[in-house]
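Each of the two complexes below includes subunit A, the first together with subunit B, the second together with subunit C.
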Partner chain A sequence: MSTSVVEPPTTTKPVLSAQDLRISTTSGQEILHGVSFTLQPGKILALVGESGSGKTTAGLACLGHFRQGLKHTGGEIHLAGTGNTGSILDLPEQERRKLRGGSISYVPQDPALSLNPAMPIGRQIAEVLQVQHYGRSEEERSARVAEVLAEVGLNNSPAYQRRYPHQLSGGQQQRVGIAMAFACRPSVLVLDEPTTGLDVTTQALVLQTIAELTERHGVAGLYITHDLAVVAKIADEVVVMLSGEVVEKGPAAEVLYQPQHDYTRKLLSAVPDLAGKRQVGRVAVITGEHPVVGRESTAAAAARQQLSTPPTTDGGKLLEVTGLKLSYGKTQVLDGIDFSLAKGESMMLLGESGSGKTTLSRCIAGLNDDYKGTVRLNGEELRPGTRARTPEQRQQVQYVFQSPFSSLNPRRTICESVEVPLQMSGTLNRKQRRIRVREALDQVRLGESYLDRRPGDLSGGQRQRVAIARALVNAPQLLVCDEITSALDVSVQASIIDLLRTLQAETGMSMLFVTHNICLARHISQRMAVLQQGRIVDLGSTDEVLQRPRHEYTRELLANVPTL
Partner chain B sequence: MTQLILRRLATSVLILLAVSLLVFIATLLLPGDPAQAILGQQATPERLAALREQMHLNDPVWQRYLSWLGGLAVGNFGMSAASGGAVTALLGERIGASLVLLLAAAVISIPLGLLLGSYSALRKGRAGDHITTGASLVLAALPEFVIGISLITVFSTTIFPILPSVTMAPPGEAVWNYPSQLVLPTFTLVLMVTPYIARMMRATMLEVLDSGYVEMARLKGVPEGQVILRHALPHALSPVAQVIAIQLAWMAGGVVVVEFLFRYPGIGQALVDAVANRDVQVVQTLSILIAAVYIVVNLLADVVGILTNPKLRTGGAR
Partner chain C sequence: MSVIDAPRLVEPEAKVRKGTFHRFIRQRQAKIGIALTAAVVLLALLGPLLLPWATGYTSTEFAGRPFKPEGLLGTDNLGRDVLTRFLDGGLRLLLFAGLATLLGMVIGGLCGMVAAYRGGWVDSAIMRTNDILLALPQLVFALLAITVLGPQPWVLVAVIGITHAPRIARVTRAATLAVVTEDFIRASEMYAVPKWKIVVQDVLPNITGPLMVELGLRMTYSIGALASLSFLGLGMQPPTADWGLMINENRIALAVQPWGVILPVLAIAVLTVGTNLITDSLARASASLNVGESK
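Entry: the complex of A and B
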């Protein structure tokens, strides 16, 4: 497939070229089916694809590293300027190791997991210099550590270098990771989703650091990501991968704005945008996920209709939170939260990690019981903690968790999992429960065939649908969705968002949508609240907040949103 | 960090106090009268009353507890009812002998367990791993006397009659003057303890080898040996330290069976004798000593945990 695309004319010699790279599992199943790309000095190539497309496998292969259970079966990778004329994959492990960190380096996805928690950051950077024999003396190396820390915009004092990873914020940890990668002045940098999990402001800062450093030092970058908005911001060229194959490649402007392949187009249309111009809800699902609502399903249209009209005020307030406070020891996690939610309304609760958004939603659902303040549902005060609430009150508020991989019991069938809330309410017999479960699965567009399957057989998106079905069986008035799309690919995210809106229109329930992704705002909510350090700093209708943000923090977030 | 360790130390002292109270109450509940036990056949009412007076048996219980506790604090463990001598004099040598056995076993088994565990983790799924895990499972399943008897059969009877099967140091001479007699008891303890350490080490090492920072270290180009020693090992140690502590503590008590088997003149023998003779003071002293060993090794394990985890060392301040 890749051969049909014309290679852009290149004036400089590529630093790294991968040709017809094939990798399969040790049991013989091929993961990469002949992937080729080239990296130019000072340019960034984005490797785009959804989970399971093999993009990380291809990136790690550039370093001559294969994860356990994978083996190289064909193709070559050439790295210029190392004195090796052949493919680096033919080198013995010992030689490949010498290239890593020196000529080619790697920035991991999650710095919190990839930095050694028991080693000060300064020493971790110095270690790379030491194993690569950078500089002639210890003094020269420690000077380089200080220099590279300054380059990524971190404090380089000896006291800061003695800090441990857990004493840094996520953005700082990621910049340490980048400093480590740049320490030996490599010619190629492989970045594996380095900004996933960071909020937009930190992401903007990290992206800027990467762009500056690659340009200044003429480093070739391979940027692995699923986020097309980030690609638009940073990449010079784009390679799109779908299940181990390159489906489209070319300059970023061409691929993003005149996509040739269907898959690229679908991927692009699934990206939520701040302006709300694209209708992410209408995308057909791409990854063999479940077919969603029809193109012009009336329910979806109704949901969209509802989204644009302000909620009727005669519905009254469903949820009222006043003066909610919670602290863990000395840290004040929630510092006086006041807001209310009307019947049938959907509200986005926006905040970065550590802002207290999950804690707040857990307090509302009664999963946290040591808060101060009041939570009222239909004017009736809810007692803190699910145990203290009546079964009816518990049924009225349902919760969907972030990770569908850990919120479903892997040993239970889908039917058993979805049935639990019904068993708890105890009014239906086995047969009636099964009928109700079937209805709930229908609501989330999963058929009867899923009843007796287990979570292990399901994709992430399907699992999240099951989790939503479980929340729906008792027909709640309020659905709390805690970052439910952040573990999912963009196309799956689009289908889940579409589903939620449809469900809301069908059932008339209220929804609290907790997220860190401001781009989803216009696609899901009528009103939004911005949370920072345990306080609501901005609250109003989505339009109001996005167009006339009152707080500096909201303005900063909006300014840093990457757009296509 | 010092604060954290001091707090653990304070808890340990409290636990030790609680144990002393329990031991004291338990010996109170034992049937029989120590004075009667000491005097035996020669007990006349007058002599019993005189001895009771001398042993302060007529004082209120709390006063006896406090004076006993005070004695413990200054190293005065009271008088042995059976021999009439000071408990310290009676036990001093035996405690030394048992400590020698324990230390020898610990010094061999801890590094051995760590090495074997790491080795099988690194060779996961290969022959070396299967042999190590298989053998350690079998050994862990066998009780200590079976291992001890098998060792005696192999090394001191007909097959290889090279080592003595019992300890026969002349009275008054230290056991470590006869190193060949120490071999089999030490070896038995080593075989008992090493499998647990090795299995735990394998499990935690596998987990650590799978972690992001070990992969990152490899992608940084760090040589494999340094990856293991500097990035993997420190993180694998802390959970294993807890298991080692439990094993060492077990040895302090489990040494009784092994000492009995090899007729080794240690605290195990002394404990068996003391219980048989209803020698209350000796039983009390040994119980407290064994409890103290438990607490000290667990404290050490906590310290290892604190040292290998900078989050505990530095506090969570950002």
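Entry: the complex of A and C
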């Protein structure tokens, strides 16, 4: 890849520099083909790429660590200020271990998995200091623990330090993770997608913490991510990686707004934005002027547009929810929800974690049966719980789960998983079912060859397509999607959204799209409802709510969305 | 459109996994386990067929004076040929142990899965009953039942199977609990798949790993329990040839004529080690397919 990469003039000495880094699997296949980058003190470099691009491998190499089955085959990594001038990769493992946590530290992706659930957070941070022989006495160390907790914006009282990870929210857990990484005042901080699992408000807070800390203490940050909107918010420089190669690098403003390489442009085009000016992949945003779902660019879609009347006016109400309430003990999860959904319309349910949006979608789908209030489909009341509903009603409402890694039985083939709804509702025999499953897989753009594979052979995006195929196999009228893109790569997210819009245009079904990703959902829904603590605080057409949010909470939520 | 289809760019071909069996057989300990078990099972199966052609005696026939080195491996306490009785005494032990383990697995597995899947009062009822059964030592319970019902083969199998059940149920329940939180169970619920079918299709295949380990362990215990019961005089009844019984009958002459004890002890030990190696490697082979695999 010989792009004209112009090195920016460096005014300060780099803290860490990787030169022509090559890593391959033990069987000889090269994963990184000569990656170079430098980290400046106080600046954040974003390493951008999709799953499998080698960005995490490169990030871990900075720690002198290679995952099992990988080995270092060439290139050097120099770390300033450690006394030795050679590459840290030439050091014995013993020496490298001393660097980790001290000079270079790491913030992993999922704080819930990286913190020890059986140890109070204060002790976990103190443990790092102890291992690194930071400070001279126990008092000095505990003073540092309190100090670093304050630095990441957490309460540092002894009572708070005695808390266990499960007593903290996701954002607080991640900040504890950052505090641990920061405890020994490292000169380099490697952050591996630290905000992926967090909702927008928390994400904004964590990003702010990271930015402040690196700037104030002159720490160089290496931020590994696939989220370009986050990059725009936090990074000073960007390195774009594709299949183990650097395809473009430079200052964030340049790379993001005047991308040189094709791949960067494509990546950028997959990122949805709040204003809806950009197309996601092939799909443009739904606006007041273009309320019809479908691909405006193709002639076929245009023809269909002329033939069919706008979906908002055809047929009346499909789904009506009135006075839906649900509580677990004293906690009121849903507190009187009223809304309706027209045929062929799609609506997004927006809210932070804990706002009750998943619970609401599960009540509608019949996965929750202890709610009060009524859910009507085509004017008929749906009983709580799927087993209490008639087979036709079950067929009409379908639900797609959040994680495709959990929603498919790993021991059954794709065909066996997808045909379950047919088995339960239909009179088709085995052969006919297989044909119908093949059609459904075709609808989600998966070939016949997937029929007899098992979920383990498929990527996340492919699995989610299979899960959608299972929902589609019975031709539902209402598809409830519960954060179906949150576990996937950005470009895969775009392709799923693209797929859903096409499917909606093809079948005319309604969709309820539960999400916390406003930008993405904007491309699929005509209307939106904002949930806060079990109540709908804002409801209207997507444009209307985004441009003129009525509720304080909606405004706050929108302000926290990272955009390019 | 290459960005949209990027996952395929990065992973050109989905890796087709080799079957569980392939991963099982590739392990060295699996091969050793199969060899050991097969040796003892073959011996037990073929032994009765070879008699009296191989040794010249039937298992109850008088072959000389007691505890004298007559014949190939000497005689036992009643002057019967040791080798003959050894060849004839394994099949019943294996058969009863297998049946008892199977019975325990079926009862315990079902109870455990139902308890974990249904939850609530069903769970409490099953598991508390379990606790009561667990409070009785296995051998004491067996002795009690056999004293009351008499030492018939079906009683032996039933008693050992039933005493295994609560232990198996606990393991099964724990394994099932991890599976029932997965979304694919919820999906089956959503499509109103009958509950028994969810248990069979969705739960059972995903807990085979721990169940296999349990199967091996319980098989070992069954063999041990049967041998002990025979040793105590409450299992197989004389003059039946049986490994457990042989140990009991000949232990008084361990120093004079050790073969009567050593042969059955060796066979039982080899069998136990063999079955454990097999189930261990089976568990390892199936583990990589279990739920909760890396994302």
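Brief remarks on what is shown
Everything below uses one rule, namely that the second predicted complex is superposed on the first by the 524 of 564 C-alpha atoms of A that agree within 3 Å, B and C clash if a C-alpha of one lies under 4 Å from a C-alpha of the other, contacts with A are read in each partner's own complex, and residues count from 1 in each chain.
Just so it is clear, contacts are C-beta pairs under 8 Å (C-beta built on N, C-alpha and C of every residue); 3 or more make two chains touch, one makes a residue touch a chain.
Just so you know, these numbers come straight off a predicted model, no measurement behind them.
When the two complexes are overlaid on their common chain A, residue A:A211 makes contact with neither subunit B nor subunit C. When the two complexes are overlaid on their common chain A, residue A:S105 makes contact with subunit B while staying clear of subunit C.
Judged by the touch definition given at the top, the superposed model places A:R97 against subunit B, while subunit C stays out of reach.
Within the superposed three-chain model, A:L558 lies out of touch with both subunit B and subunit C [touch as defined at top].
Put simply, more of the residues of subunit A are touched by C, taking subunit B and subunit C as the two choices.
Contacts of A:L451 after superposition: neither subunit B nor subunit C is touched. The part of subunit C that touches subunit A in the complex is made up of residues 1-11, 14-17, 182-184, 186-193, 201-202, 205-206, 289-291, 293, 295. Of all residues in subunit A, only 50-53, 243, 263, 266-267, 269-270, 281-282, 365-367, 386-387, 391, 394, 399, 401-403, 405-412, 417, 420-421, 423-425, 453-454, 456-462, 470, 487, 489, 491-492, 494-495, 498 touch subunit C in the complex they form.
Considering their complex, residues 211-213, 215-224, 226, 230-231, 234-235, 308-311, 314, 316-318 of subunit B touch subunit A. Of all residues in subunit A, those touching subunit B in their complex are 60, 63, 65, 67, 97-102, 105-106, 108, 110, 113-119, 127-128, 131-132, 164, 166-169, 180.
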